[in-house]
Structure formats: C-alpha cells, structure tokens
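The two complexes that follow have subunit A in common; it is paired with subunit B in the first and with subunit C in the second.
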Partner chain A sequence: MILRLVAGRLAMLAVTVAVASIAIYGALYLAPGNPATLLAGGHATHAEIRLITRQLKLTEPFFTRYWDWLFGLLHGNLGESFLYREPVASLLAPRVLNTVFLVTYASVVIVVGGLALGLASALFKRLGMGITILTGVGLATPSFVAAIILITLFAVDWKLFPVFGGGAGFVDRLDHLTLPAVALALSWLAYTSQLTRTAVEDEVKKEHVETARGRGIARRHIVTRHLLRNAMIPISTVSGITVAGLIAGDVVVEQAFGVNGLGSFLVSSALDKDFASVQAVALILVATFVVVNALVDIWSLFLDPRLRAKGA
Partner chain B sequence: MAGTGTPLLSAAGLLEEKRAGGGLLRDPVVLVSTGIIVLLVVIAVFAPFIATANPDSSNILAVNEAPSAAHLLGTDSLGRDLFSRLVYGARLSLLGPALIVCISSAAGTVLALAAAWFGGFFDQMVSRAADVLFAFPGIIFAIVAVSVFGRGLVAPVIALAIAATPYVLRVTRSVALRQRRLPYVAACYVEGVPAWRIGLRHLLPNVAPIILVQATLAFGYALVTLAAISYLGLGVQPPSATWGLMVATGQAAILGGHPEQSLYAGVMIVLAVVAFNLLGNRLAAHLET
Partner chain C sequence: MAILHLEHLAIDLQTAGRLRRVVHDVTFRLAEGEAVGLVGESGAGKSLTSRAVIRLLPDGARVHGAILMEGRSITDMSRESLRSYRLSEVAMIFQDPRAHVNPVRRVGDFLTEALVERGEDRKKALEIVTGLLATVGIEDAERRMRQYPHELSGGLLQRVMIAAALSISPKLLLADEPTTALDVTTQSDVMVHLDAQRRGRGLAMVFVTHDLELAIAVCDRIAVLYAGHLVEDSPAAHLHEKALHPYTRGLLASRPSPTLRRERLAAIPGRPLSGLEVQEGCVFCSRCAHAQERCQKERPVLRELGDARVACHRAEELLEGGRSGGADGAEFEVRVGDRG
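Entry: the complex of A and B
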C-alpha cells in the first residue's frame, strides 16, 4: 500500500527530472544564433565555433545530442567549459562542499530557530506580538538585504566575523559561513516560526491536548509529545518549499558574501555566458530540489498515517 | 480581452460586501499597507516631479556626502543624489514585478478556466505540466534564461512569469472547478450560452477575488526575486537605478564605512514587500470569512 504511493512519487520524480533536463538542455537551441556560439561564449572566432560544432556533433538531431549529454551526465561527465577550457565537473568539485555546508548550516538555523521562536510565540502570549512583528519583517527581507545589514553590523562595525569567502577546514568554514547562513536562513526562519505558531495554536485547542492537561500530564511532556508531534506535520510538508527557497537563496547569498560555491559559480557563468557550466549547475540544483521535495513527501507519508489512508 | 474590467469590478464587490461587516476598509493593516503601496506607485509615476536632482548626474567633488538640504539622503560613491536615485529606482523595481504578476495571472487564469471547463485529458496535461514547472525554483529559471537571451528586464521577467504561472493555475483551477459544478453554469449551458462567454462573464467574476489575493501575494515574491536578479547583475544594467542594483553597487562602499546606499535601497525593498504581504494576507483572511 504505502509502497505503491512511494513508487508513484518516485515515478513522478523521474518524469520531472527528465523534463527538467530536456528543458535545460533545450534552452541551448532557443538562443538566437546557433548553439555552438552560445557554448563558445561571447568572443569565439569562427574557427572555434566550427570546432565546437564538430566536437559536440551539434549538426545531429536534437534528441541524439540530448541523449549523449544525458548519458555523459549519468557517467559524471558534466560537459566542457569553453571559458575555462576544463571539464565542468572538475570546476564544480572544489565548490560543492561550500554550498552543501552553507545550505546545511542554514537548515539547522531554520529548524532550531524557527521551531523555538514559533513555540515561544504560541505558548507565551506576551512575547507573541513582538515575535509576530519581527517575523513579519524577517519574512519580507530578501537574503541580499539581510546580507548587507549583517556585513555592516557584524563584520564592519563590530568586526566579529569575516566578510568574504568560504574558509577552509571545519572551524574556519563555520566562522566564514555563519553570516551567510544567517542571511540565507532569515526569511525561512521567520516563515517556519509563523507556521509553527499557527500549527501549535491550532493544536492547543484540540481535545486531546485538553484531555492530556486534564489528566495532569506535565506541561513539558504535553508540548513535546502531543503538541509538537502533530504540529510537525504541516511544518514538514512545507519544508519542501523551504528547500526551494534555500537553493534559490543560496545563489544570491554566495554572491553577496563572495563564497566560492555552486551558486556563485552559476551566476558568474551566466554573466560570462559560459553556457555549459550554466546547464550543469542549473540541472544539479533543480535535480537536488526535486529529489529533496520527493523525500519530504515520502517522509510525510511515514509521519502521518492519515495521508496514507487518503492516498488510497 | 473584454474581461479586463471584471476583476476590478468584483474587487469592488468584495470591498462592498465586507463593508457591511465592518471588515476590509476598517482594518488598519489593510489601510496602512494600501497607503504604502499607493505612495510607492505615486513615487514611481511622478518620479520626475519628486526627485530633487537628475538621478544619473555624478559629481566627483561630492561623493559619499552626508544628508543635507541639497541632497536629502546624501550622495553615493559617484556623487549622485541618493534620494533621487531611490525615487527613480521605484519605477523599474515596481514595473518588473507588475509585469510578472499580470502575465502569470492572465496565463494562469486562462489555463485554469480552460482546464476546469474541458476537464479530462486537457486538465490532466495542464496539471502535469504545472507539477513539472513547480520543480524549477524561479530564480534558477531566470538565470538560465538570462544566460541564453542576455541581461536586461525582458528575459528575467518572462522567465519569472512562467515560473509563477503554476501557482496561479493551481489555486484558480480548484476554485473554478468548484464553480463549474454549480447549477448556474449548467443553466447557462442549456440556454446555449457559448463556453467562452460562460468562462468570461460567469466563471471569471467568481474566481476574480481569489486571483486578486494571489496576485497581491505574488507581487511581493516577484519583487524580491527580480530585485535579487538585479542585485546579481543579471537584470537591467547600470546606470539605470533599481533598488536591487543599488544594493549591489553600494556594497563596495560598506567596507569604507558608507553603507547608506545599500541600506536605503534595502529598506525600500523590504517596505514594499511588507506592504504587499500584509495586504495579501489580510485580503486572504477576509476572503475566507
């Protein structure tokens, strides 16, 4: 039963990734001029363009070409950057870790901070209003605006954190990526906090919580076992959206703080018209997003037995 | 299309309805946020009359000046008047999101009404396509578009409009489906009213309030994303002023102790987004009750 639901979700995942890859590869053919010009970047000579056309067999039909590209991808060949004259994969390798570190760091900040703030504002009425205003503003603050505020305060005025770069090694990374992680997390932290607050407030009113309170169960116990567990369901279903936001935000935040990761590479490749790199990074980011979303959906199937019944 | 007047009419209807309950127009949040939005639009439209200086004229003898009578908010690192740049920046900063919201609302609504009307295979196809589009975070879509079609306003706006369409589609489709099952639609149908007319004259006015709410919320999101594109240097190019671009170009001066340009531009973005989010949320809440 649940296996069928999971299988259905995985099938949708496969279709989505396939369509996404066709779209990203196909974008090449939408460009004015011919695909080789785009791949070669802005300043290629005619000879270079002819060479690329031959090397990549660009005269062959679209799906043959696409199939070769996809086949290469599945074998770890992400294509060749004509700007750097290097395989895209070897350009990405040193950058992946920074991005993964940053996104993970931000996720931890969001989960811990968002749940804590949301719980606090739902359970302690006096804090509620203040937190609501703060999260309202936080929600509307784009990551790059948060970035410049953080840079101004923490890095320039108080000199607590480095302003630029990703650092090397765990501790140095932690230090370098603290401000970027906070900037990236901010609006999602606010969102999670508001969501937690609503979910907890809805849950508090329910009978099972009344009953638990009536039976004299400890408040701490009610909060963790009865409130949070049920409130987690709506929260975890939107975590997919959060991941989308983090992947999108990551691109901006890396650029803002000069972190050398996938996001800033995507932006600089787009600016340099290094299309092979754009394709590879865009596909990686989209695929990651789709996979995480599918995992979240499957996870919520396990978390909430009622969904399983509904799906049937 | 002939139906362009209809959403506004029924938005007025929405206001009318709630006034009886003392709702929308007495809600201070709605009043304040609407006030901010109107103010920003007025600033954008009448920029030449509000600005105190030419936003693009630089003066290397007056760089990074503090606020004064001549320069209300001081000057930037090229000696340009910050206040005037912020005022002119409102134009492209608001025009882009407005285009995105208009295009995606129109496309999403037409598809949603068609999907609800025809049902079956067409509905399935449209919904599947929307599911796939959900997989693209808008900003990545926009970056790919920019790398293919070049920087500027057009490529990001179209890309973000396409990325926003499935959100409009999903919500509108579910409301339209509910309307579609109501007897009045069947009554029109047996009377021989053509399908497009039922869609335009009967379904659209009934789904218009929800589209309006969605559009308000989407505006804030579109503004942030487009400002981010602008910040990344992928949107309109200097010396054009947009708030996103101003945050970016001001960033270099932060380390030199002049964070004003970035901060002011950032505040404008946050202010606009807060106003649209608050209004959208309140409208949604009023619509539900």
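Entry: the complex of A and C
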C-alpha cells in the first residue's frame, strides 16, 4: 500500500523534472543573442560563424536539439561550455562539493536550531517571548543583508572566520563555510522555529496529550513521543518551501562570500551567456528541489499513518 | 477507610482573565470497590470534579477543599508522587477515544505506554495488554496492536482505552461519559465490558454520566450535581422509589421512555444553570416546582437523611407527600415529543 503511494510520488517527480527540463532548455533557446556570434568573437567572418552554427546544430528544430541535449544528459553528458571549451561536467565537478557542503551545513543549522528554538519557545513561556522577537527579526533579514552583517562582525572586526572562498578538506571547509551557512540559514531557521512553535502549541492542547499526562508519563517522553512526534507532520509538510528558499539563497550567498560553487557559477555563466552551463546548473538545481520535495512527501507518509490510509 | 474522599471540593477556573467558581461544594466518600455515579445535566461540573481527582484541570485552575486518596492529599502531592499516583493507583477513561488516543502511534504503543513508563519490560507489558484485550472482548489482539487508531471503530477504541486503564491495575477508575461519544449500537457493548471488569476486579469507580438510568444500573451510589453543587447522594437501589431531591426526581421523570425509544416522558422546565450562574438561595430554586420563600433566601446545606444525603429544605416534607400519593404526582410539565 505504502509502496504504491511512493511509486506514484516518484512517477510524479519524473514528470515534473521532464517538464522543468523543457522549460529550462526552451527559455534559453528563446534568449536573445546568437551563441555562435558570441563564441566566434568580435572579429569572426560570416563563414566562421556559419561553421560554428552548423557544428552546434543551431539551425535544427527545437525538439531535435532538446532531444539531443536530453539524450546527452541521460548519458552523463551535460554539454560543452562555449566559453571554456570544456565539458560542463568537468567544470561543475570541483564546484559541486562546495555547494553541497554549504547547503547541507545550512540545512543542519536550520533543522537543529529551528526545532530547538521552536520547542523551547512553545514549552517555556518567558523564553518564548524573547525567541519570538529574535526570530521575527531573523525572518525579516534577507540572506544578502545577513551576509554583509556577518562579514563585517565576524570576519572583519573580530577576525573569527575567513571571509572568502570555500576552503579545502573537511575542517577548513567547515571554517570557511560557517558564515555563509549561517547567512543562508538565518531566515529559514527563524521560519522553522516559528513553525515548530505553532505546531507544538497546537499539539499541547490536544486531548491525547492530556491522556498521556493523566497516565503519569514523564514530561520528556510526552515531549518526544507526543508533542514533537506529532508536530513533525506539519513541520515537514511545510519544509518543502525551505528547500526552494535555500537553493535561491545559495546563489546569493555564494556570490557574497566568494564561494566557488554552483550558485556563483550559474551567475557568471549567465552573464557570459554560456548557455550549456546555465542549462546544466539550472536543471540540477530544479531537479534537486523536486527530488527533495518528493522525499519530504514520502517522509510524511511514514510520519502520518492517516495519510497512508487516505491513499489506499 | 474510604479510598477516595472529597470534602467541600470547590474549583475556580480562569475565565476571561479572572478566577470564577465553577464547582462550589462537592463532598462524598467512596469505599473500596464502590462505584459512584456523578450525574447531572451538562455544565453541572461532573467532568471537572472527576478530573480534579487525577489533577487534570485546565491551566490556572484553583482547587479548594480536600481531595484525599487513602488519606493522602491529591492537591498537595509533589510532581513525583503525582506521577506515581497516576502510574499505579488511578486511571481515567475519557469520553472520546478518537481524540484521547494519539492518532499517529500504534494501538500497542498506547496500551503498553504506562507499563513501560513504570519500568516494566516491554515484552512483559505486551503480554499483559494482550491478555487484557481478550478480557474486553477483542479477539485478534496481536493484529489490533499493530494497527493505528483510525483503523479501529469507536467502540473498539474505547475498549482499548478501558484495557489501557486496567493495565496498571489501578484501585480507582474515573470514567467520564465513556459511552456518550459512541455509536448507539456499541454503547451497551462497551458498558458491559467496563462494568464486568470493574466488578470482577473490585475496583472503585467514579462514573460520570448525564444518563441517570445508566448510572443506576452500574453504580452503587448516585451523586447528583446541579450548578456545581452536590444536591443528593443516595444508594442507587433506592433511587427509583425514594429520590430525595426535586431535581433528582425531575431527572428520573425525564428519562427516555423505554417503550417509545426516542421520546421523553417529561422534562424539567427551564434551562440548567452552570456553576457560574448561581445566586442566593437554593441553586435549583429557579426551576423547582416546590420552591418557597425560604428557598430563595437560604441555601440548603447537605444533610443526612436515612442512608442518603440531600440539600433541600423540604426533602422530608416532599418525601411524605410522595408516599401518600399526594398532589405532587404531576409536578413537572408533561411534554411528549422528540428529544432532538
């Protein structure tokens, strides 16, 4: 039963990615500027441009080109960068790790910090007021503002963290990516905290929690088995939005901190009209978003037995 | 010694920012193995009274008077003793099992939770509750324990709740309208199991219901609440012949007719008052057919009368009148019709 639901969700995922790939490819197909002209440089003759155009199959119809691109993607070929004259895949390889590290780091900060703050503010009234004010400020701080503040305070004034780059090796990366991760996480951490607070407060009022108290169940067990356990359902349902926000924020934060990752590569490729690179990175980001959202949905099925029943 | 003793229990609740008295004066004793029915119309304070016994009152509630469990004061218990009291001496069965059982955990986890919390080995706990499910008429216990609450009918889930209450071998059961939220067809089924288990184990019980006839059938004594006041406490067996308080007699007269299932024979005129609304004099005086001037000025105190207690100025008088088949026979407006 649950397998059927999971399979259905995965099928939906595949369709979404396929549609997204057409959109991404199509958007750039329609973009102004002839890549052959760009590629050939300012002094190229018409003959040279025609040659490049033919080499790149730029005259072929849209779906033929899309199909070639997709076929390549499915075989691990992300295309060739006009600019660097290198396969996009080898350009991405050194950058992917920085981005994965940064986004994972930020996600951990969001989940741990958001749940802890949200839970604390739901359970302790006094503390809750302070946390609500802080998270209100956090929620209103965009990542580029957070980045500027963090750089000024921690890196320039106090010199606690490096300001630039992604670092190499685990510890050095951790050091380099702490400020970017915090800048990226801040508003989502605040969001998750407020979400958790509301979800836990809703749950505290539930009759089944009263039953547990009346049975003499210890407070810590009530918190883990009843409050958090049940509050996880709305929290994880909404966390799909966080993923989209993280991916968008990643582009900004990598720029701000000079992290050489997918986000900053996407920006520079777009400025350079390096179509193949933009297409590849955009598709990777969209696919990641869709996949993580599907995983969140599947995870919700495991959290909530009533959802499983509904799908049956 | 009484297992449970309530002495001038009063409960104030936080409403709209201030404390207001909702339960005013409830005094009764419950002997070991005895069942008392707390009856009265909605808003009388039955649920609050029973919840006070397990200290499950709304936030900010203030309790006055004494609640003693085998001589120990419930209101003064430390957090730790309260926990162990709830884990081993008293268990509550709630009205709506659908809401009172965590919907995302397995039935088996719910059943064993208290035992495991008490330090029982999980396997042993499973064994105990499997046996208990059989005693409340659930046959495929192992399958049921792997299921989730939404996969069980209301009646089954309420039997699960009863089994969970029995799992800790309590001395006292608190049951707050345990069949009211159920399908009519399963109500008696659930009640039969609850009654049988309670009697078989010799448990004391506080049974909250608005259904006086049901209370008479399963309890030893009936405590009648009106507007937060205990107005009568009588042996269940005598109640049909010898109800002392005009309110109790009103409840008896307004029971659903056994032959015409959906029709009630007579109704008490007027609307029930809550504890928030009581004024000077007898709390029932606004609806009482026997009210006199004295009733409006002076609040009757609860006093003993034979083997019962009653709070009515005219109890003896009315009892005599009733015996001689006097004029009070048609004391309530007779209204035959749909109960709605």
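Going forward, the second predicted complex is superposed on the first by the 291 of 312 C-alpha atoms of A that agree within 3 Å, B and C clash if a C-alpha of one lies under 4 Å from a C-alpha of the other, contacts with A are read in each partner's own complex, and residues count from 1 in each chain.
In the analysis below, a residue touches a chain if its C-beta (ideal position, glycine included) is under 8 Å from a C-beta of that chain, and two chains touch if they have at least 3 such contacts.
No experiment lies behind these values; they were computed from the predicted model shown.
*Asks:* After lining both complexes up on subunit A, report clash or fit for subunit B versus subunit C.
*Replies:* By the criteria stated at the top, subunit C and subunit B fit after superposition, with no clash.
*Asks:* Look at A:20 in the shared chain and tell me whether it touches subunit B only, subunit C only, both, or neither; answer first, second, both or neither.
*Replies:* A:20 sits against subunit B, while subunit C stays out of touch.
*Asks:* Between subunit B and subunit C, whom does A:295 touch in the aligned arrangement: first, second, both, or neither?
*Replies:* In the superposition, A:295 contacts neither subunit B nor subunit C.
*Asks:* Roughly how many degrees, to the nearest 10, is the angle at subunit A when you join its Cα centre to the Cα centres of subunit B and subunit C?
*Replies:* Apex at subunit A; the opening toward subunit B and subunit C is 80 degrees.
*Asks:* Residues of subunit A touched by subunit B versus by subunit C: which partner has the larger set?
*Replies:* Here the partner covering more residues of subunit A is B.
*Asks:* Between subunit B (first) and subunit C (second), which does A:229 come into contact with in this model arrangement: first, second, both, or neither?
*Replies:* Second partner only.
*Asks:* Who does A:212 touch here: subunit B (first), subunit C (second), both, or neither?
*Replies:* In the superposition, A:212 contacts subunit C only.
*Asks:* Go through the superposed model and pick first if A:97 touches only subunit B, second if only subunit C, both, or neither.
*Replies:* Neither partner.
*Asks:* Which holds for A:116: it touches subunit B only (first), subunit C only (second), both, or neither?
*Replies:* A:116 sits against neither subunit B nor subunit C.
*Asks:* After superposing the two complexes on chain A, what is the shortest C-alpha distance between subunit B and subunit C, in Å?
*Replies:* Value for subunit B versus subunit C, nearest C-alpha atoms: 17 Å.
*Asks:* Intersection of subunit A residues contacting subunit B with those contacting subunit C?
*Replies:* none
*Asks:* Under the stated contact criterion, what part of subunit A meets subunit B in this complex?
*Replies:* Against subunit B, subunit A makes touches at 12, 15-17, 19-20, 23-24, 27-28, 30-32, 38, 136-137, 139-145, 148-149, 151-152, 156, 163, 244-245, 247-248, 251-252, 255-256, 266-267, 269-271, 273, 275, 278-279, 282, 285-286, 289-290, 293.
*Asks:* Give the list of subunit B residues in touch with subunit A in this complex.
*Replies:* Counting only subunit B, the residues touching subunit A are 131-132, 135-140, 143-149, 220, 224-225, 227-228, 231-234, 244, 247-248, 250-251, 254-255, 257, 259, 262-263, 266, 269-270, 273-274, 277-278.
*Asks:* List the residues on subunit A that touch subunit C in their complex, please.
*Replies:* 206-208, 210-218, 221, 225-226, 229-230, 233, 303-306, 309
*Asks:* Could you pull out which subunit C residues touch subunit A in their complex?
*Replies:* Its residues touching subunit A are 54, 56, 82-88, 91-92, 94, 96, 99-105, 113-114, 117, 148, 150-151, 164, 168.
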